[in-house]
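Read through the structures below before going on.
Here come two complexes built around subunit A, the first alongside subunit B, the second alongside subunit C.
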Partner chain A sequence: MIPLTWDIVSHGLAESGRFLAIAVTGVVILEGLAYIVLHRLLKYKYALPAMLIIPAFVAVMALIIYPFGFNMYLAFSNMSMYRFKEFSVGLSYGLQNFLDVFRHPVLQNVTFFQLLWRTVCWTTVNVFFHVLGGLFLAILLNRPMRGKAVYRTLLVVPWAIPQVIAALAWKGEFHYQYGFANIMLQRLGLAPIRWLSDPRWAFIAVILVNIWLGIPFMMVIILGGLQSISSEYYDAAQIDGASGWQQFRSVTMPLLQPVLTPAVILGIVWTFNNFNVIYLITKGGPMEGTDILVTSLYKAVFEFYRYGFGAAYAAVIFIILLVFAAIYLRVTGGFKGAWE
Partner chain B sequence: MQVGTGRHRGFFTSARGDSPAKRLLIHVTLILACAVAVYPFLRVVSISLRPGSALLSTDLALIPEGATFNNYRTLIFEKDFTIWLWNSLVVAIATVIIGVLLAATAAYAFSRWKFPGRRQGLVFLLTTQMLPPSMLLLPIYVMVVKLRLFNTYTGMILAYSVGAVPFSIWLLKGYYDTVPRELEEAAMVDGAGPIAAFYRIILPLSTPALAIAGLFSFMTAWSEFMMARVMLQKATMFTWPVGFQKLLDQFSTQWGLFAAASVLVAIPAMLLFLYSSRWLISGLTLGGVKG
Partner chain C sequence: MKRAIASSLLVLLLLVLIVPVGYAAEKKITFTIWTKESEAQGVLQEIVKLASDFAKSRPGLTFEVINYGVEDLRQNFQSAAFAGTGPDLLWTVSDHAGPFVAMKIIKPVDDLFGKDYLGGFARPGLEAVELDGKTWGVPISVGNHLMLMYNKKLIKTPPQNTDELIKIGKELTRDLNKDGKPDQYGLVYNLNEPFFFAPWLGGFGGWPLDGTKPTLGTQAMVDALQFVHDLKYVHKIVPLECDYDGADALFKEGKAAMLINGDWALAGYQTDEVKKKVDFAVARIPMVAKTGRWPSPMTSGIYFMLPEYLSGEKLEIAKEFVKYCTSSEVQLMFTKKYKRLPALASALNSPLVSADPILKGSADQMVVGKPMPTVSEMRAAWDAMRPNQEAVMADKMSAKDAATAMQNACEKLIREMAK
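What follows is the complex of A and B.
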């Protein structure tokens, strides 16, 4: 055991303090430079907003875009465990990496297209139930009633529990003998299920967990959206004799759209990229039966040490999401509310 | 015909209000939903209180027979648990400070000025959310190795602080949009510059959104596992998600320790969440809602 000594405490404070000081100084210097260059020298009309945005963009560039570019560079390399320091880069390596994504199993058994199909199922089922469950609970909560605050607080609990804990706790609950799921099934007189050793059931198990995890976020977003809809619309609809369902279709849904569109896009992207739940519960197993694209990506890179291949694979996954988002935005009319 | 004026009436609510039967049904549904939401955590609490002899049991009682705090004692006094908590805390707090600082100002520019490239900027930020986190993991890993930031707080803070910024910018921009411009204009008439107006008017009014952005940054850093697992090899630097994994590897039968550790880790996060939950709904407008 390592005790938490004063040395360790002060080391943590000193190092994070130093980092914060450097970061804040960096922001001030960047803004100062931007002010001098844009405002004083160039007399740029939008010097002020530019100045406010620059630090965030520099950070995003350095820690998201640069690694992204570096990833693309690695995609054209033959980097692997044995060639970590000395790897070569070339078009032919890149071609091979990208072709390998589609040609061979990504890890040992499952091919790219199987994984893609499984990821699409995973995302669709999850987001569908997130939105459905979130909408249902938000509608129930969006009325004057007793105990509303208590319900709201308790319903948010799955979101408030760190995902690592939630995933590992659920893993225990799917234990064949001692898990809640099978104990309940047996008490109801049903046969226990091999949750984690049968690929099909394992996949159902991880989906159930992720649905449980994701409903509160949608519920909160939708509740916020519902509360912003003025009751005058409903009054008018009622005077016109609209039924509950008609009000829902012609008032609630259209007015909820601007809130729902970004929430659904984020939900899809986050679910598509969700690594924790599957990796912590099944590690993608059994027999890679619950792997989705991102878990197999992680395994290809950090368990099989196929760095160059992994980089190409990551790029393919990113492009899929990008194309999806572009289509979705076009179809739904996108973020009109956000541009004005 | 009486027309209701309640602001929060849902579409199922008739002007005359709900019948008692319907109200009962709604409460029953909500209680069931709450049970589903909370029960798994209560089970973890229950397992953490079990004495060593009863760890593997098919008993579903929430307060186990012979309940004891032994698991907690072992965890705090005989394991590295307190170190993991400290490390996670240091990294998470620094991440929140940097993330919110960067996002709060950038979002203000996006909300108040129509400069060229504004739309593209917002789309660009959204696009960054599409990068699979495991995609950035390898490049960041290589960068961290090269910068010799392996096993350091600096490396972790660096890797985490920017991750939540794009989402925070969207979140805060959506919220600033709902703050009437007239408030700053009035302040500027009184002689304040735009920056002073931002600090004195906008920031105080945006507490809900700032709290939520901070909460998200905190939660991401507090329970991040993938990056930490790759970047931390030294036992004194482990954050709790990494430590947990080791705990589970080493003591695969000691469910009780894991459960106790989970409770101790989940409680601060949950308290923070519940404390900010009063801001959660108003703070999370995601750029869509006006007014």
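What follows is the complex of A and C.
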């Protein structure tokens, strides 16, 4: 191990300090200019709100809008390993890139539609169990009990462990001979499973790991939602003679929806784009059997150097998620409260 | 209006304060090295030490040594170089040269270092980074090759050919606790990784590429795939599932008689902890009985590569630092401490190498190795081999079908890369 000396610490602090100083100076200059231009010179009525928004606006432009625009620019290019710096941009390249996403296998054998179907299965199964598990645990925790804080802390552990460590630890647990999963199966009198060399079982293995990782997030969010529901609603329901199930269906679920909707959307987007778990455990293998859209995108760009194609492919994945989020919001009316 | 002037003055004042601070900071030079060496084997710490020793005589110069995994280093450097920025020097493997040259993001070193200086390195080391008639890296160490490692506590004499390997392997694959499953194996290695399959392919007379043309759909490939398949399903001398870490752990635990691994791991099997269970020795991977050929692991090495954008004072520092690290003294230090074969011809012939049985065994294996193709098409070959090799090792595809699929996939990938 490289020892942690004062030199290293001070160097680290100086680096962070320098970055902060640049950021603060940038904001001060920006706000100063905005004040002079908007308030003093133009006498703009909404100068203050504009000044408050400007730093966030600049950050969003730099971190989201510009990279997105650059991705679209690359999607219309022929950038590849041999044309890394001297690539050309044109409509025909863009058309070819977008068509290539759908007409040829994205990887060696797997096509876009196979990957899309697999990604939808991966996302649906994961999010379903995240919500179900999270809801179940949150309801259990949302009642008076001894040692609640201890349980809550223990249940959050999978979320608190860095994903890389958790995924690599789980990879070991799926080892054919020495892994926990097969040892347990054998103790139950069942045959061991080749978790990591059979594509079907490998896919189940990565799903199991991701379910384990995702439940605590949902549990925390749902628990927050449950605690905000006033007990008066339940009292009223009990007076009306509602059963536990009826209370859950007619009081808990509707009142949880404003919390659950964004959590589910986030869960879907994260799971749909979850790269770490699959890549760390199986690298998309064996036989491309656990690749989903985002891991195949990574391979196309960083292993096959297809930058133009990769940018078009990324845009297609973005559009799928955007359309999904729009439909989901419309159907559930989840953000209604935010508009009204 | 007064306020506006005051505010403008304040902004100006801030700028006046910032500019000299930035200027003063610029006077100091921070030289950044990206290396694939990690802390685990102590090499990263060694590089940090080398850098700080080098910087002592140069006031104002500080080094920043950053470690990335081999693949991360490649990807991050590509992204950084695209933006025209990034590290000042790379300490990495030879197979990165192919894509970096195709992308025009590293410099040739012939003119920078001169013929006389480069002529001091062993030829195979330089060959691994020669492309388009130019040399694209300065060798640090040569080899990076696989070899047979064995535990003398379990096996006295290593097998000479594959028939012996299978025979000895069967004897040493044992169910020690009588639970119906073996807990000691004859042979372990990273079964699904194409790099670990390459020696066998060479032993059966094949190779992934002929120049830039894929040669994966050959009888040699079929035979080699069938051979590794049979080691698992017919002879049963390797575990049903075995990746790099699994093989490494089984060998260190004394639960595997033989291991195929690379020279980078040599030092790790000679620690006091491992010595309790493993009496370590090295030999050639046994000759393929069917062909009478030695398996040919891919040889390459570790190299300094200079980013294309490097110029001025930093380029001079890079040249001096490279010369400092490739001096005979430093090379032999790496050989002694980390069992790496030096790249300098004079150091390679030193008694330090010939007198050490492990290094001698490693050098002996390297003699029958073949340089890893540096061309960028090799990337396509790796990616074409992997899923089909996995399919054979999962007993889901015949060796013949897999060889054909590899060839087709490789041709397709090369076409797409060049599109």
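Before moving on, here are some points about what is shown:
Keep this in mind: the second predicted complex is superposed on the first by the 321 of 340 C-alpha atoms of A that agree within 3 Å, B and C clash if a C-alpha of one lies under 4 Å from a C-alpha of the other, contacts with A are read in each partner's own complex, and residues count from 1 in each chain.
The working rule: contacts are C-beta pairs under 8 Å (C-beta built on N, C-alpha and C of every residue); 3 or more make two chains touch, one makes a residue touch a chain.
Worth saying up front: this structure is predicted, and the values here are computed from it rather than measured.
Superposition model on subunit A: subunit B and subunit C are shown in a clashing arrangement.
Counted by residues of subunit A touched, the larger count belongs to B, out of subunit B and subunit C. Once the two complexes are laid over each other on the shared chain, residue contacts for A:244 go to subunit B alone; subunit C is not touched. Of the two partner chains, both subunit B and subunit C are touched by A:302. When both complexes are overlaid on chain A, the residue A:190 reaches neither subunit B nor subunit C. Contacts of A:177 after superposition: both subunit B and subunit C are touched.
In the overlay built on the shared chain, the residue A:32 is in contact with subunit C alone; subunit B does not reach it.
By the touch criterion defined above, A:216 lies against subunit B but remains apart from subunit C after alignment on the C-alpha atoms of chain A. Of the residues of subunit A, those at positions 1-2, 172, 177-178, 302 touch subunit B in one of the two structures and subunit C in the other. Of all residues in subunit C, only 1, 3-4, 7-8, 10-11, 14-15, 18, 39, 44-45, 48, 71, 75, 78, 82, 99, 102-105, 181, 192, 239-241, 243, 245-246, 376, 379-380, 383-384, 386-388, 390-391, 393-394, 396, 405, 409, 412-413, 416-419 touch subunit A in the complex they form.
Residues 1-2, 25, 28-29, 32-33, 35-36, 40-41, 78, 80-82, 84-85, 108-109, 172, 175-178, 194, 196-199, 285-288, 299, 302-306, 309 of subunit A are the ones that touch subunit C when the two sit in their complex.
Residues of subunit A touching subunit B in their complex: 1-4, 8-9, 12-13, 15-16, 18-20, 23-24, 27, 46, 48-50, 52-53, 55-57, 59-60, 62-68, 70-71, 74, 137, 139-145, 147, 151-166, 168-170, 172-173, 177-178, 180, 183, 212, 216, 220-221, 223-228, 230-231, 234-235, 238-239, 244, 247-248, 251-252, 258-263, 265-266, 269-270, 273, 275-276, 279-280, 293-294, 297-298, 301-302, 307, 310-311, 314-315, 317-318, 321-322, 325, 335, 337-339.
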